[in-house]
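In what comes next, chain A is part of two complexes: it sits with chain B in the first one and with chain C in the second one.
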Partner chain A sequence: MISSTFIQGNSILHKADPRLKAIILLSIVVIFFLPLSISAMLILFTGLILLGINSLGLLKALQPVKMILPILIFVIILTPPFFKGGETILIIKNTTILTSEGLFQTLRLILRFTGITVSFYIFFSTTSISSFVLTLEWFKLPYKAALIITIALRYIPSMIIIYNNIKDAHSLRSADNSKKYFWKKLNTVFPTLVSVLIHSIKSIPTLSMALELRGIGCSTKRTQFNLIKSNKMILQITVSGVILLLIILVALYT
Partner chain B sequence: MQEILKIENLKYQYPSYPGLDFPQLLNGIDLTVNTGEFIVILGKPETGKTTLLKIILSLIPRYTNGTLSGQVDYRGMPVDKYNPYELIEKIGAVFQDPDEQIFTTSCDTEIAFALESLGIGRKEMTHRVNQSLEVLKINHLWNRNPATLSGGEKKKLLLACLYAANPQIWLLDEIIDELDPGSALEIVQNLISEKRTVILFSSKMLDIFNDISCKISILKDGKLLEANKMNHKDLISLMIREGLIIDNKQKSVRPEQKIDSEPIVVIEKLKYRYPDNNLFNMYIDNFQINRGEIVSLAGKNGSGKSTLGKLIAGLKEKESGVLSVKGKNYLSCAYLFQNPDYQIFLPTVEEELSFGLKLKDIEIEDTIDKFKLPNRNVPPSLMSYGTRKRLQAAVYYLMDRDIYILDEADAGLSLKDFDMLINLLYNNNRSILIISHNLKLCARYSNRVYLIDSGKIVKETDTDLHNTLDTHFMTESRNP
Partner chain C sequence: MSDKENNSSINNLPAFKIASLAILIAVTTVFTYIIRIPIAPTRGYINFGDVAIFFTAITFGPITAFLAGGLGTALADLFAGYAQWAPITFFAHGLQGLVVGLILRKKINITGLILSFLAATIVMAGIYYITAGFMYGFGPALAEIPGNILQNVAGIAVGVPLAAAVRKAYPPILNYKW
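Showing the complex of A and B:
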């Protein structure tokens, strides 16, 4: 049962101020796009994985890597042939397949892509959607825009639940329901997606009605039920950790 | 008592589409509601109950094309002069499908949503949220994601939302269907004792309405008929004709069928646990369904009824124990989901019926006729909820499975229509598992009933069925 992107827990990241986590997330994304050395990227990536293991456990921390594995395989296959510089590492029938530059660029792309994915995964797994919306509002995002994001985020897990229900429902209608064969599984995806689409389109007017009936459109200034809880000690530890990490990175890079 | 809502000569007709003509749905509705009144509007599916609710809420014709005439006044002011968002403290509603109304990711935030719109201070808001959770006895769900709740729990959550917003009129669309009888009675009695003005719409005359003081009207042919203005005999006969109550003279509705000793489903020491919910552990020591049997699985909201049904159908993987279904699961079981839209995905009725099957024209026509479906070219998405449920059953009827699992299949259907489904599905030596908390329904159709509570079978009964079930359900509601 997938209930939400948020996974309940009691780790430092769960307790950390969501505003700070959002800033750190953006910083990490920026850092991954800097022309860092592979060792610096590896250190950052290892740090992220360790943080993920600490907050979510080993299996869940590695889940995003599993999710993007097919894309990573494409990167491994398609990137090296485009880089011919450096030492030749692999030649097949007079064609250079892999050079040291190709290997370097492939590793960099993999670490960048995986690092960013893991960062977002850890952020959304340790930050409840209501805290995330409050963070957006704190960053002065208009309420309606924040609401659209909440509804979208609320509907991602719901859509997964609906998708799974519909997939189950369809599987019971199919005479041959082998779960083993990839192509047969793929054949069932289209009708399932059509049903999910119909379901979603049909829910638009009802969702609008429900939102209006709960006061969306009122001119009264909205109040807030949830507030961001700040923990001074956790905040200080997190800030110190980030500063330390940045120092290490800068030292390694320079 | 003061007049709070007045409906005069209300008429409404939905726009027609090619191959699907809608008749005049509401044809001169008159209704006066006074403060503190509890009104029950009964009507078989597709008689316009939900449409009437949406007109009172000023959502129709705002969101739907169609022809509307007549007058609906809230305290002397036409409701169409209000925007729906201006009605929060005036008229509130719980829709039939709770998923259509939930949009946050925790129960307390869901309850607070309307209060935030009203600009209520945080202290007052927290007080109202806690109070609502307590009144509805769902305190333990305060931080749960509503998407993970059972159907009945979702309805309780939406009732808590209304409780917190405190509207003058409560419109409740088929809320009883998914609530266990103990909770339903408690909620209704609470509303009456607090003298709230309630209009409750229902497709069935439930026992609960006999136990409370309420005004009953029947929606038939677009008009409201007041029960207290009819003589008892005429009223009963009308309710039977409309499928709102069961005819007690008709002892058994099951067609005769030989019950075999051949087991179709055998469960022993079955364990199951949700990956993300450690609070719920299922353990089924012994459970069996034989060929030709109709067995019911009854239990309170969140007791694990649907989970067990899905395990039998092979939609969930057991943790340990024995679960054997004769043949391959997928070829033996038909599972009718509560929501028919999960199983309907093709553009026309004909394509739905013939999906994966080689059917002759005459078989399609025969099925359309048997299940009272509109013509073969009609898009299912334009059909009413009840008709979509009949289509869903028709699809499985053609597939001829060994066992049919009907998960709260009576919700949104009249008893007459449910009778029809059971009669059509129960033949050719098939077995049926009815998942429900409707006591009469279980007693009416089943050879045996299993009672489930907190993921465990607590009783298996085949004698004195009604008393056993009554005792079980009316004890204080416990949640897993």
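Showing the complex of A and C:
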């Protein structure tokens, strides 16, 4: 059992090579930081949303936008006062509230942040976490680092179960978990945290021994059970590279 | 061989380092993602990721705190659906753990605690402010600062007593630093 944000599916993005998707994700982040026009950003953003709808469905594709809505409201409220250039659009009681530059910058920041958020969301919803770790390894992440992440991912669900069991055990011994606010809640949570930490730390020597028995720490190169297949990757890279280049050129000159 | 010698030889093994990092990353992720306490006036939440980072920095040292703090909170961002923050979180919380670990490496006293709190807050809130500024503007990014300071307050207020309580209840942990 490994924790994941992966959503099962059969779309083009689900089938695409994860290394290729990682390269495209990084390229999209870079594109959103280029000095693009609003219309170019809007086209790119719409493309991303359509890709998201195709891969995950409408509700799932819009989920990340819903999650960052409070930040977007902050952007709408707090960005215009910092930009006073251009034509005045809105004045209230002799105070300039919105100028054309303020509007442009607000839209640019909203599209950039939302675009980056949606891209990351689509990537991790269509890429399993084990494929992601293998991709990192392919990008020269050391074997030990990949192993640490894999073990941690394997251990997270077990630790959530341990935490809930210990919390329930403390509740049975009259610790009131229904307290609502910080200090009262903290009083009941603290002993649970101590127990969870001791339980987890006690498992370190056992895990170390298990790793030692499997030869971790030896200098010889290790073989791997799971590998990413390289079928069609060169073709996919070429096609995606051409599409990305076209997007950048169109975006820069729109 | 005494217990202390035995433990110091164990914690030099690559397997021990891998195991302790993996477990502490999982601890940090669960503390960040699962354990949340509501704050009365704002109806917001404080997560316990910073508590785990302060605990790791004090108990296991700066390098472990850097890696476990950075990766643990980055994974929590990933699972919570805020994957766009994960790379930034890795550096913000990783460096936060490193700074706390370096300051509190030798001795834990009031001066050290104040210094570590200030340094951790500046590093963590500073990295988030600068990166958020580039992503969605420096004005809106200001709104994140109070929350980040509050996280550090919770980190030091709960993390330090937690480290002391765990050390008292499970003394072998004293030899786990590497």
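Everything below uses one rule, namely that the second predicted complex is superposed on the first by the 154 of 254 C-alpha atoms of A that agree within 3 Å, B and C clash if a C-alpha of one lies under 4 Å from a C-alpha of the other, contacts with A are read in each partner's own complex, and residues count from 1 in each chain.
We take it that a contact is a pair of C-beta atoms (placed from the backbone, for glycine too) under 8 Å apart; a residue touches a chain by one contact, two chains touch by 3 or more.
These numbers come from a predicted model, not from an experiment.
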item	value
Partner chain in contact with A:K221 - chain B first, chain C second, else both or neither	first
Touched partner set for A:V194, first chain B, second chain C, both or neither	both
First (chain B), second (chain C), both or neither touched by A:I151	both
Touching partner for A:D168 - first (chain B), second (chain C), both, neither	first
Chain B versus chain C as contact partner of A:I71, first or second or both or neither	second
First (chain B), second (chain C), both or neither touched by A:F139	neither
Touching partner for A:S130 - first (chain B), second (chain C), both, neither	first
Residues on chain A lying within both footprints (that of chain B and that of chain C)	3-4, 151, 153, 194, 198, 202-203, 205, 207-209, 211-212, 216-217
Sites on chain A touched by chain B in the complex	1-4, 6, 128-130, 150-151, 153-154, 157-158, 161-162, 165-166, 168-175, 177, 191-192, 194-195, 198-199, 202-203, 205-218, 220-227
Chain A partner contacts - residues on chain B that touch it in the complex	54, 57, 59, 63-64, 83-88, 92-93, 95, 97, 99-101, 103-106, 108-109, 112-122, 125-126, 129, 145, 147-148, 161, 274-277, 310, 313, 315, 330-331, 333-335, 337, 339, 341-346, 355-357, 381, 395-396, 399
Chain A-touching residues of chain C, taken from the complex the two chains share	10, 13-16, 18-23, 25-27, 29-31, 34-35, 37-40, 46, 48, 51, 55, 67, 71-72, 75, 78-79, 81-84, 86, 134-140, 142-143, 158, 161-162, 165-166, 169-170, 173, 176
Residue ranges of chain A in contact with chain C within the complex	3-5, 33, 63-64, 67, 71, 74-75, 77-79, 81-82, 105, 109-110, 112-113, 116-117, 119-121, 123-124, 144, 147-149, 151-153, 155-156, 159-160, 163, 180-182, 185-186, 189-190, 193-194, 196-198, 200-205, 207-209, 211-212, 216-217
